[in-house]
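Order as written gives the chain letters A, B, C, D, E and F; numbering starts at 1 within each chain.
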Amino acid sequence: MTGRALFIGRFQPFHRGHLTMVRRILESNDEMIVGIGSAQYSHTGENPFTAGERYEMIKRSLDAEGILNYHIVPIPDTHVHSVWVSHVRSLVPHFDDVYTNSDLVVRLFREHGVKVHSPPLVDRERLSGTEVRQRMLKGGDWESLVPAVVAEYIREIDGIERIRETHKYSTPYGTRENHTQGDD
Amino acid sequence: MTGRALFIGRFQPFHRGHLTMVRRILESNDEMIVGIGSAQYSHTGENPFTAGERYEMIKRSLDAEGILNYHIVPIPDTHVHSVWVSHVRSLVPHFDDVYTNSDLVVRLFREHGVKVHSPPLVDRERLSGTEVRQRMLKGGDWESLVPAVVAEYIREIDGIERIRETHKYSTPYGTRENHTQGDD
Amino acid sequence: MTGRALFIGRFQPFHRGHLTMVRRILESNDEMIVGIGSAQYSHTGENPFTAGERYEMIKRSLDAEGILNYHIVPIPDTHVHSVWVSHVRSLVPHFDDVYTNSDLVVRLFREHGVKVHSPPLVDRERLSGTEVRQRMLKGGDWESLVPAVVAEYIREIDGIERIRETHKYSTPYGTRENHTQGDD
Amino acid sequence: MTGRALFIGRFQPFHRGHLTMVRRILESNDEMIVGIGSAQYSHTGENPFTAGERYEMIKRSLDAEGILNYHIVPIPDTHVHSVWVSHVRSLVPHFDDVYTNSDLVVRLFREHGVKVHSPPLVDRERLSGTEVRQRMLKGGDWESLVPAVVAEYIREIDGIERIRETHKYSTPYGTRENHTQGDD
Amino acid sequence: MTGRALFIGRFQPFHRGHLTMVRRILESNDEMIVGIGSAQYSHTGENPFTAGERYEMIKRSLDAEGILNYHIVPIPDTHVHSVWVSHVRSLVPHFDDVYTNSDLVVRLFREHGVKVHSPPLVDRERLSGTEVRQRMLKGGDWESLVPAVVAEYIREIDGIERIRETHKYSTPYGTRENHTQGDD
Amino acid sequence: MTGRALFIGRFQPFHRGHLTMVRRILESNDEMIVGIGSAQYSHTGENPFTAGERYEMIKRSLDAEGILNYHIVPIPDTHVHSVWVSHVRSLVPHFDDVYTNSDLVVRLFREHGVKVHSPPLVDRERLSGTEVRQRMLKGGDWESLVPAVVAEYIREIDGIERIRETHKYSTPYGTRENHTQGDD
């Protein structure tokens, strides 16, 4: 058990795959920072929820699990990838290793000599933000894909309605995967 | 008859559907503000004209109709939707209700408790900015879709040539509809 | 009588010196655009009022005088002076000459070959934004320096209180004169 | 005991006055969010430490006190005060009341109808960020003004040397007090 | 032989078509400036290399050819096309004519009265940045499309690996051609 | 003789002290990059000349000295100091050591493990940008402080007049020294 890990994602929304990842990271790290990427964006197809709302989802999920040794930090996109690692380092407290499923994040941290882990995801077909948002939009069973407190919170803030009204707007930030599947 | 309405659109270009909307809004409001969205953009497929050029189109159209009780205010995009309503409020004089055909604008104002109207559009298949720009590009009859003074102004500034030369460039702002139809 | 003039200022607040200038400009121009500079700033010592509030002050003042042939356009600062003239041109409808009391604005437009007028100000010691704001802050007679409708509007929005609470904060935009006198 | 409070400051560095404030806020609130303002700035006279470093100082101080019910969120400046409240709301989880010593923050939240507290500070002459930084620069006793863990951390990151090398550079954000005293 | 030419492109990467263009431009100009567009972007599908890396490729290629009368200037995108020409003019030393293959660049400079040349490209099917990047990604023969020193440099900085890991991310800047072919 | 040096300054304007520094750097380096800081700013008291104009001054001065092994790269300010080193690295080709007279630049590069030299300046009282600009403004002998080709170029672009008309405007970037002496 050593050190502090940084786990970076967009968490749109925070789902059971993310929660499994948090548990695994804490098996080999003393504490962790959950970095909320694309923090300034909301009300679009890829990024329906604000950073503050995502913060609330993560906090409630980890509290419900009795996990205490975490920090949550919103990280706005810079779009200028060459400065992004310095930007992250200036915003979050010191960390040792990085965990992420984004190939870009892996690449950027490795170019700066940081140790990055990109463990295989559990049940990736179902447990992806894109799948959750698609089900919310089309009316499928999305609740089973997220922690119960997240489902409750999304209903509390009228999240399904927001997704229906704003899904066709896109964020000026894109992975080409956005248009297909599986990016978060 | 009460109050001041804010009518928000991109007006690329200002067409007969917009003009009909202006007349209807003034049936139930004392005066109106025409907010030109995406004001900083021009010379792209979705946004060929500058805010100043769009201002001129709107002014000439309303003057030609003898409409006097209007104001025109360019509104640059923030891309950060969570601050957009505050941004609009800081740039335009006080307004009571909002009129728009953008689902996103409807949603954002409603989350701030503002009354928003989104009346059905007249002859939407023909009277859309996308259709007008397509006809300009392909050589169809676009003049009949816009007020006569707008057609004249666009010829004056060599607008068709600009659209042909810049239509393939896109604005770092998107609705997914851009790629299909009907967004303005 | 020819053409359309652009009159640029910050109008913090719109005072009697500005109103005199508007009247003079309209003696030799058919219509005018009032460009509200530093449009994105408010709640600071130099820029207490939002662009929307300044828009309201100007509109009420000109309406009270029976002046009709004007347009008001908020112009955000770019801070990058080399692109500022292109920025203004993209936001406002076509204009012929420029009127301003800012040496910088004079210089920038002249480098782009635009005709700029910088007529002597009336009663400059008293009629300056700095003097008006000082009196608002210190409790002197500021009402006599602004049009009656502006005084009324400022009271309506609780402007004096805002100036007292925010005057010590500065805008990330400066003329060195800010610290002494007479910049607006 | 009710609700969640937002405490906003720059914490350059986090000192004993801040710690006293945290304790008082938690006397009447269930939990609190510590919002780190001017989060993007560092390496200047007013803002020597990065948001990540300030995060570390606050975390270590509260952990040392056995305080658990807190969250820390970096908040970058927008400089555009009219959108700042919406910006804060989008970045942090829901809060009820605000606590701050900045007149500007008080004003901005009140204009948005949020309840703001600005309690008298303890021993303000000594316990201010400006005083701490002055002592660091001039070689006085600064350690007694901050929690022991903060003093230790600042030595760990070679903070005094950084302050000596960067104090003459200023942040493009200013209160006029910067030039005199007492702003944080 | 007269004057100084500005040659604008993205050079992702600098290929033999660009080199042929440089030679032709220098047949009718005393010296040239190579303007590297989209300078702030890297690590995406359209813009894999940083401006500094592109600078190195161009320098090594021209040095290898014994060409001496050139300057290289990185030019960040503004996205606001109406100010882009002023932006370029402020960053590079004086130039007479412009050479480019971008219709947008042609249009923008012509609207400012600058003489622009857009000569037919050599072997455009093969010699395009898009084709080179596709071959790098898919494993085809890309080396023969670029100067030998560029191929060597790309291997030196592990460029193929970077393209494989980041090609699916896009730049918040787009020509619609990006999605098909031939834009650079 | 080894490697490539990066020499960073604002060069407002390029004076004889800078030229002496260039010669010294080339005594122990094969080639050098001259990085023009605050590249986006012009038409203010601290930054009267555009990056393009400063480029021209440096190029003419080095050409007049028969110096060939140099590159000039404009570097816009980020204001966010924590990302500035990554920003510079992304814009300029590879360099080994850094030379500068800015304490901030020294500090920032050292925190990133880069070797920085800050050699004593020659005749610093006279040979500083601040002194040159003061003499231009007040009418003293500034020509003897700059290379002959720089004096000629400044007259060519009517630089003295620009300084007189814009010196009272400040750049949203400051060292406190600006207000006193010796910052460049």
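Basically, a residue touches a chain if its C-beta (ideal position, glycine included) is under 8 Å from a C-beta of that chain, and two chains touch if they have at least 3 such contacts.
Because the structure is predicted, anything quoted here is derived from the model rather than measured.
Between the contact lists of chain E and chain F, the overlap consists of A, C. Between B-E and B-D, more C-beta contact pairs are found at B-E.
For this pair, chain C with chain E, the centres built from the Cα atoms lie 43 Å apart. Averaged Cα coordinates give chain C a centre that lies 35 Å from the centre of chain D. In chain A, the positions touching at least two other chains are 40, 42, 50, 80, 82, 89-90, 172.
Taken together, the touching pairs give a contact graph of some other shape, not a line, ring, star or complete one. A complete list of chain pairs in contact reads A-B, A-D, A-E, A-F, B-C, B-D, B-E, C-D, C-E, C-F, D-F, E-F. Partner chain F is touched in their complex by these residues of chain C: 79-82, 103-104, 106-108, 172-177.
Listing the residues of chain D that touch chain B in their complex gives 78, 80, 82-83, 85-87, 89-90. The touching residues of chain F, counted against chain C in their complex, run 40-45, 50, 162, 165-166, 168-170, 172.
Partner chain A is touched in their complex by these residues of chain D: 39-40, 42, 50-53, 55-56, 59, 68, 71-74, 76, 89-94.
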